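In this document, chain identifiers A, B, C and D correspond to the written order of the chains, with residue numbering beginning at 1 in each.
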Amino acid sequence: MRSVLRSHWLYVALTAVLALVAAIWAVPHLSEPGWFAYAPDPTGFTPPLPTLSPDLFLFPASAQIVLLAVGVGLLVQIYSTAYLGHHQRYRSYAMVIVLFLVAMIAVVGTTNLWVLLVGWEVMGLCSYLLIGHEWETGEARAGAAKAFLVTRIADLGLVLAILVIGETYGTYDLLGAQPLDGEAKNATAIGLLVLVAVVGKSAQFPLHSWLPDAMPGPTPITALIHAATMVAAGVYLAARMLPFYADSTVALTAMAVIAGITMLMGALFALVQTDLKRALAWSTVSQLALMFAAVAASDPEAGLDHLVAHGVFKALLFLGCGCLMHAVGTSALSAMGGMRRPMPVTFWTMTIGFAALAGIVPTAGFFTKDSVLHALESATEGDGALAGGTAWALFVVALITSLVTAAYATRLWLKTLLGPAPGGLDAHEAPLAMTGPLVVLAVATFAVSIGQPFHHGIGVVSTVIAAAGIGLVLLMWRRGSSLDWAPAPLAAELGLDRPFSRWVPRLTGDVASAVVDLDRDAVDVYPRGGAAAAALGTRGLALVQSRNVQRYATVLAAGVVVLVVVGVVVS
Amino acid sequence: MGELLDALLRCLLVLGAFLTLPLLVGQMEHKAMAHMQSRVGPMAAGGFHGWAQLVADGIKFVQKESITPVAADRRVFELAPAVALVPYLVAMLAIPLGPFFGQGNLIGQDLDLGLFFVLAAMSVGVLGTLMGGLGSGNKYSYIGGMRVAAQLMSYELPMVLAAASVAMAAGTLSLIGIADAWEPWWLLAQLPGLIVFFVAGLAELQRPPFDAPLADAELVMGPLTEYGGMRFAMFLLAEYAGIVVLAGLTTVLFLGGWAGPWSDHLGWAWTLLKIAGVSFLVIWARVAYPRLREDQVNALAWKVLVPLALAQVTLTTVLVVW
Amino acid sequence: MPLLYPLLLSSALFGIGLYGVLARRNAVLMLLGVELMLNAVNLNLVAFDAWFADQLHTGQVLTLFTIAIAAAEIGLGLAIVLALFRALRTVDVDGVGR
Amino acid sequence: MSLTELVFLVLAVVAAGSALLSMTSGQLVHSALWLVVTLGAVAGCFVLMTAEFVAWVQVLVYVGSVVVLVIFALMLTRQTSATTAEVTGNRWIAAALGVVAAIGLGATMVAGFRGEDIEGRRIGTAGSIGQALFTDWVLPFEILSGVLLAALIGAIVISRSGSDR
C-alpha cells in the first residue's frame, strides 16, 4: 500500500480519472448552441439563505475551460512525475494539484455563487501552497505570502459582488439572478466589484505584481495555475458576470483602461527581462489584459477563446521552460542558447509556442487574437456600452502590444533556443514524461484553431504588425545585438511593485506597532488598572485576613460595641 | 454569746485534732514500717518507744533555715506549703466524729453539702504540690509538678464518682446524713466504691505506691526537692493531715462512721478507731507495694478505676431505684 | 444586699476577660480569658436567680450547665492548643499566623 | 451596711483585682494562680448569694480540674525562648474594648436594676437544685451530657491525631 501511495503514477491515474469524468460531462456541452442561452425559471424557488448546493451547469465556453483545465492538469501531472518525482513532498504536491482541479471545475461549473466563492478561495489556497512548495527558500515563502495576500483583496471584491448580486436579485444563483430583458440593476456597483475581483486574481494593474513574484513555484505549477487556469478564472468570471454589468459604461471603461495599461506594460516588461520564467509571467499578464479588453468590448466569447488558446500555448511554453531548466539548472536567459541540437523536441515545440504567442498563422494564438482585435475594432463604432474613443484607444494599444509581443517572443526565442551555447553546457533532452506533454500541447496549439472564426482585414493587419516586430528583432540580432536592452525604468518595472514590497509592509508595520502601542498604553489601562485595583484591594483584605484569631476577635468585639451603641442611640 | 462560744470551741477542737492526729499517724507510720521491715524504728526521743520523735523532728525543722532558691518563683514557692496545708484543715471542719457521750455530734460545722465541701477543699489542697513543682525553678521539681498535674486530673474523676455513689445511696450530701443512713450491707454493695475511693485518695495524696511525682530515687522528692525547714515540715504535715482526712472520709462514707456498739456515747471513739485502721492501711500500702510507673498510674486510673466507679454508680442507681 | 453589686462585679469581670482574650498572646491565656467571661455570666445568672427566688432555680441550674460546658470547652480548647504546640512548637496566637 | 454586704464587697474587690492581675501578669503560671483566687472569690460570692451548691461545684470543677488542666497545659507548652512579649500589639485596643464593654454593661445594669435587693429567700441547696435539675431541666441536662460526650471524643481525636504523626 505504501509503495502504491508512493508511486507517482497513482496520482496521474487519479488525475486521469478526474479528467475523464470531466470530459464525459463537458464534451456534450461543447456543441450546445449559444452563449448564456438559457431561460431563467420565473417560478424558480429562491432560498432565503445562501445554500451550498453545487448546481452544475455548463455552456460551451465553460465546457472548453473545464476541458482545458483538466487536460493541462493531466499533462502537468504526467510532466511532474519526471520533473518533481524525486521531491520528498511530491505526494502533497500531487494531491494539491488534484484539489486545484476540483476547485477549478467547481468555479467553472457551478451556478451557485457561494460554491463559486469556495472554489475560488480553494484555488487561491492551492496557489499559495504550490508557490510555497519549496518553502525552504525565503523567496518562495515571500512569493507565496504575497500572492495570497494580494489575491485576498480580490476575494473581498468577489464577496462584496456576490452580496450585492444577492441583495439586488434576491438569489445567489447565477441562473436565477440573470437579469431579464437587459434590465440590469446596480450594474456599475457589481461591475466595479467584479473588476476588483478579477484584477486581483488575474494579476492586472495595479495588483499585478504578485504573478511575477510567484515564479519560485515549481515550473509545472506555473504552467498550470499561473498561465493556463487560475489566472484565467478571473477572465472567465469577468465574462460570466458580464450580463450583470454589460450596461455600465463606467465599469466597462474602467476595465478597458486597466486592460490597456496592463497589456502594454506587461509586454514592455516582458521585453526587457533577463529571466525566462519571469518574462513569460509578464507575458501572461499582458495576454490576460488582452482577454479583458475583449470582455470590455462586450465580446466575452472572443476573450474566452483566446483564454483557451493562450492556456494551451502558455502551458507549452512554461513546460518547455521547465525542460530547459531541467537541462541547464537555471531559468536565466544568459545560461541558455543553442538548444536545437541537444534538445530537438523541446526546441521545436517551444518554437511553435513562441509562434503562437507572436500570433503567426496558423497557430491558435493568431486566430483568437484576431477575434479579440476584431471585437475591439467592432467596439470602436461605439454602439456598445463602451465609448467609441475609449475603444479606439484600446484598439491602438492592442495593436502596439501585438508588435511588442511579437518582438519579445522573437527575442526570447532567439536568446533561449538559438544563439551560441554558453560554455561548459552539457544540455540533453528531457525524459519522455516531460517531452510527451510538450508534443501534445504543441499539437493542441494547432488543433484549437480548428473552427475559429477568421477576419480578413484585421488578420492581415495583425500579421503585418507581428511580422514587423519579428523582423525588427531579427534585424537587430543579425547586426549582432545581444538583445539585452533594458532602460532603467523598465528594468525596475517602473517601481510599480514598490507599494507592495515597501509601502504596504511599512505601513502595515506602522499600523501594527501603533495598534500594539494603543493596546498597551490605552486599552490595557483597564485590565492593568483592574489588576492594580484588585491587588490593592487584596492587600487591604490581607491586612484584615491576618490569620490572627485575636485580631478577628477584636474586630468582632468592636463591631458588637458599635452595634450596641448604635442600637442605644437609635432607640 | 453561747453560739459564738460554741463555734470558737469547735474551731479550737478541730485545730487540736489537726495538730495531733497527723502526728499520731506519722508516729504510727514510723513504728509500723519499722516493725514490718524487722527493725524497731525511733526509740530514743521521749523515752517510751520514741513517742516524741515527731515533736523532736518538728523542733528540728523550726530551727532550720528556710532557703528560697534564686531561680525560684519566690511568691509561688513560699505560698505553696500553706496552700497544701490549709485546705485539709478546712476539710477537717466538716468531717464528723460522731456522738460524744450523748451530747450531739462532734463536728466542726455540719454542712448540707459536707461531702462536696470536703472534696472541693481536698482538690484545692493538691494545688500546693503543683505550685511547689512550678515555683521551685528546678527541673526535677518541674517534672514532678507535671506528674502531679497528670495524676490529679486522672484520679479526681473516680474519687468523685465513688463518693457520689454513696451520696446517691444515702440520698444526701451531708456527711452526718450519709453516716446515719449507712447500713452494714453497704459494706458489700459499696465495696467497689470503697476500693476506688481509697485507691484514688491514695493517688491524690501522692502516697506510695502512687508517689511517682515525688519518686525520691529519680526525681529527688520532685516538687519538694527545694523545700527545707519549716516549709518542708508543713508539706509533711499536709501529707499526714491528708491521710487523716482521707481516712475520715472513707470511714464516714463507707464504713458507717460511728456505727458500732454504744455508738450514742462512744461513736466518736468508733470513728477514731476506724480512722486509725484506715490510716494503718495507707501505711501498709506504702510498705507493701512498689511504686507504680507513670504510665501505670494513668492506666490504672482510666482503665480500672473509672470503669469500676461507673459500674458502682450504676449498681447504686439500680439499688436505690429498686 | 443590693442586686447591683454582683452585676457590677460581673461587668468588670467580663471586661477584664474580654481584654484577656483580645490581648494575651498565649493561647492558653486566651482560654482563661474566656473562662473569666463565663464566670461573669455565671455571676449574673446566680444574682438574678437569687433576686427572682423562683421555684425552678433557673439561674443556678443554668450556671451548672455553664460550668459543665466551660469544662468541656477548656478540655477541647486545651486539646487544640496542645495539637497546635506539637505542630508548630508555639502557642503564640499571632505567631501561628506567620 | 450588713456583714454580708461587707464581705461581698471585699470578695468582689478581690475577684476583680485578681482577675486583672491574672490577665495582665507577665508570668503564665501566675496568671493561672490569680485565676484560682478569682474563681474562689466568685465562689464566695455565690455562697453569699444563697447558691451554695453552685459555689462548691465551682470550686470542685474549676479549681480542682480546670485550673489543674490549664497549669498542666502551660507546663507542657512552656516555650524555651521567652523573647516574645506576653501581650499582643493591639493591647490598647483590647483594653479600650474591655473598658467600654465593662462600662457599657455596668451602665446598663445600673440603669435597669438600681435599687433592687437580693433577699435570699430560697437557698440553693443540693435538694432544691437537684429537684429543679431533674424535673424541669432534665431535657437540657441530657442534651448537655451529649455535648460533654462530643467534647470528650473531640478532645481524644485531636490529641490522637497529633500523636500519630
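In this text, a residue touches a chain if its C-beta (ideal position, glycine included) is under 8 Å from a C-beta of that chain, and two chains touch if they have at least 3 such contacts.
Since this is a predicted model, take the numbers as computed values, not measurements.
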Most central chain, judged by mean C-alpha position against the global CA mean: C
Whole-Å separation of chain centres (CA-atom averages), chain A against chain D: 97
Chain A and chain C, separation of their C-alpha mean positions in angstrom: 92
Averaged-CA centre spacing for the pair chain C and chain B, given as whole angstrom: 32
Where chain C and chain D are represented by their mean Cα positions, the distance between them in whole Å: 5
Touching two or more other chains - residues of chain A: 548, 550-551, 554, 557
Residues of chain D touching at least two other chains: 53, 57, 65, 69, 76, 88, 90, 93-94, 97, 100-101
All touching chain pairs, where touch follows the definition stated at the start: A-C, A-D, B-D, C-D
Residue numbers on chain D that touch chain B, as the complex places them: 27, 29-30, 33, 36, 40, 52-53, 56-57, 59-60, 63-65, 67-69, 71-72, 75-76, 125-126
Interface residues, chain A side, partner chain C - complex: 546-551, 553-554, 557
Touch list for chain A against partner chain D, complex: 548, 550-551, 554, 557-558, 561, 564-565
Touching residues (chain side chain D, partner chain A) in the complex: 88, 90, 93-94, 97, 100-101, 104
Residue ranges of chain C touching chain A (in the complex, touch as defined): 18, 21-24, 30, 93-94, 96-98
